[in-house]
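Two complexes come next, and they have one chain in common, chain A, joined by chain B in the first and chain C in the second.
Showing the complex of A and B:
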């Protein structure tokens, strides 16, 4: 272990770390509202509705296949469909597709966890179902989603490393490039692992705190 | 351009063999993880303090980095310490590391879910702590972890796709190679997906069955 080399590696890995964070946060910012909306729809839809089936198929596919296969599918199929998407957005699409599959379930559980009395009270006050959902249920559900969603962010940071395979120059790809240029693996992997660990562990600590806070006000347990 | 079912007959056998590798790698890894997890969880819960910290640090670090980093580390580090393994066994080693820390967490959660009452009752009856742990808590916890452990098998199967980067000939690696060999994209992606859905799906069904039969 050569501390000077490690410091150099650290400096060179900071911009790719920025990309890792940017792509994870972008994906989260799209996937969370999507998950809440579709999850709420799924909780409300009557069983057998075609859109509910479609959502179930999405969740089933995302949970039943490795993220690498989902990334390949997007990487190969988008150009085949004639869409010329830049690599960064391909990565975002892949992460959103994957993460929303999990967050639909989080959103659904959050909506269903809101007490029935809230629905009844709103109905008694003359609100119809969509208005109740929008004005009373969703804001509470969104609050309860916070803990699991923070967890999802650390999952996304981990998942974004897989985007290295479609040559997106994020943290893991950058580390691989330094390894093959210098033929030194231990220092590079230790620095890379340290960078991932600080963020992922930090975020999961915050998620745990938020969940405990929510639990005291009737929140959700962790999803994964 | 239409969907060519003939590719299923043509590449099916290779994909099925790859599916066999995926299952073998995953089952072997989780099996080994199940051997390592009980002693580690024991050390984590009732070991001497430095050992407890060491195990916890190991668990947190492996959970806090992407599995790809663990795979890369094992891939580079094993030959460095004189262990030159085939791609397959390197893959097993890497997934065992990942599987072990999750199994330790599952076991720890199961033991802690048993509640303090049992431990206190045993201590009150004069059992030493380690005997209460080994003879009372651990056997009960081992029964409880079966459903989450099958769930973890599904996760290990999905993580095994990452072994394609160290050229283990599992579903993703073989499928990807076939795509570049033949330029048949859609049909091969569908085959990969179906294989994973069948394997992961049956593991999930098994997990739910176990959960119900243990709850009864």
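Showing the complex of A and C:
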């Protein structure tokens, strides 16, 4: 281990880390609301509804295929469909497609886990179903989602390293390039792992802070 | 699941290099004002990244000079080597200029230019590992780059000479990973082109590169640029360009710059076909 070389590697990896952060946070900002909303919708939808079936197909596909295959599919199929999507957005689409697939299940499970008595009580008070969902069920479900969603956030960031195969010069691709150019392996790997760790740790801290805030304010319900 | 299968199937077709995308001709390159060439910047000294993360190397200089001769801008595209031919056909770049060895199998999908570098095969071993020739690999774990012709060569030669390796040939996504596997004893030998292995041996004093050949069977392995089957006008222009570089001595200059020696005298003047 050569600390001087590692410091040089760190400096060289900072711009690619920036791309990793930008692409992950963009994907997070789209995948989390989208996935959770679709999940909540799925929990409430009639089982045979066409939209419910579409959502189920999405979840099955994401769960049943490796992200490597999903990324390649998007990378090679979008141009064939005549869509000229810039590389950055291809990466975002791949991550959103994958992560939202998992977050649909998180949202669905959280909504369905709220006790039936809550629905009955709200109905007895004269609330209709949409209002019950909005004002009673979702605030309770939101808190139950936090843990699994935080897990998913870190998964998404780590999955972004697979985008190196579609030529995005993100953190992992840059680390590989440095390894190849210098033919030195361990030092680069340690620095790369450290940078991923710091980024994910930072995101977890922010998410944890949001979770505590939500808990101390009694959930989304108190804002009403 | 039907959708899944369909998607996988379509991907497989795309990966097989079905010529769906419109290939760009020489005129198109000139009209665009840029020449994109595909490579993976993890193959020193052909292409790798300097300390500013800029791609440099033999192929970059060569591609730059070719673009200049056409009066267009050179744009190296750092792609994934395993899918480089599929990307060529999906129109991500106009040609592959990435230290590619011309092989019969690849020729089924692409046309090759005249050779611009020697791609003779070699074996990288630990200096004190006791491996001196192909036969001493018996019972040892060996490796090669994923998707490289060396896998087939090792297999053929092992069958021919009755040498049994320890397990299957291990394949690596990039050479640097393999060098680490070699240094840590996970494989006893790693086969790639001799020029890249000499470079590795220069950087790591514990390693050495030895040439190997199966009774002359693999003589004449060459590095060529690859083009889509429909895109011959650009290939012809590249061949003319290489001929000019040879005549002017500039190709020799470039080889000495990046490889420390010249291989020009040995290079054939015709494009490999099968």
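Just so we're on the same page, the second predicted complex is superposed on the first by the 196 of 224 C-alpha atoms of A that agree within 3 Å, B and C clash if a C-alpha of one lies under 4 Å from a C-alpha of the other, contacts with A are read in each partner's own complex, and residues count from 1 in each chain.
The criterion applied here is as follows: a residue touches a chain if its C-beta (ideal position, glycine included) is under 8 Å from a C-beta of that chain, and two chains touch if they have at least 3 such contacts.
What you are looking at is a predicted structure, and each value in this text was computed from that prediction instead of being measured.
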Combined model on chain A where chain B meets chain C, clash or fit: clash
Between chain B (first) and chain C (second), which does A:57 come into contact with in this model arrangement: first, second, both, or neither? second
Touch test for A:185: chain B only (first), chain C only (second), both, or neither? both
Partner chain(s) touched by A:169 [first = chain B, second = chain C, both, neither]: second
Does chain B (first) or chain C (second) touch A:76, or do both, or does neither? both
Taking the superposition on A as described, I'd like to know which of chain B and chain C A:12 touches: first, second, both or neither. second
Using the superposition on chain A described above, determine whether A:66 touches chain B (first), chain C (second), both, or neither. first
Of the stretches 73-81, 127-135 or 145-153, which one in chain B hits chain C? 73-81
Chain A residues where the chain B and chain C footprints coincide 60-61, 64-65, 69, 72-73, 76-77, 80, 164-165, 176, 179, 185-186
In their complex, what parts of chain A are in touch with chain C? 8, 12, 15-16, 57, 60-61, 64-65, 69, 72-73, 76-77, 79-80, 164-167, 169, 173-174, 176-186
Within their complex, state which residues of chain B touch chain A. 60-61, 63-69, 72-73, 76-77, 80, 157-162, 164-165, 172, 175-176, 179, 185-186, 189, 192-193, 196-197, 200-201, 204
In their shared complex, chain A is touched by residues of chain C numbered 1, 3-4, 7-8, 10-11, 14-15, 20-21, 41-44, 48-51, 53, 77-80, 82-83, 86, 90-91, 174-177, 179-180, 200, 203-204
Touching chain B in the complex, chain A uses residues 60-61, 63-69, 72-73, 76-77, 80, 157-162, 164-165, 172, 175-176, 179, 185-186, 189, 192-193, 196-197, 200-201, 204
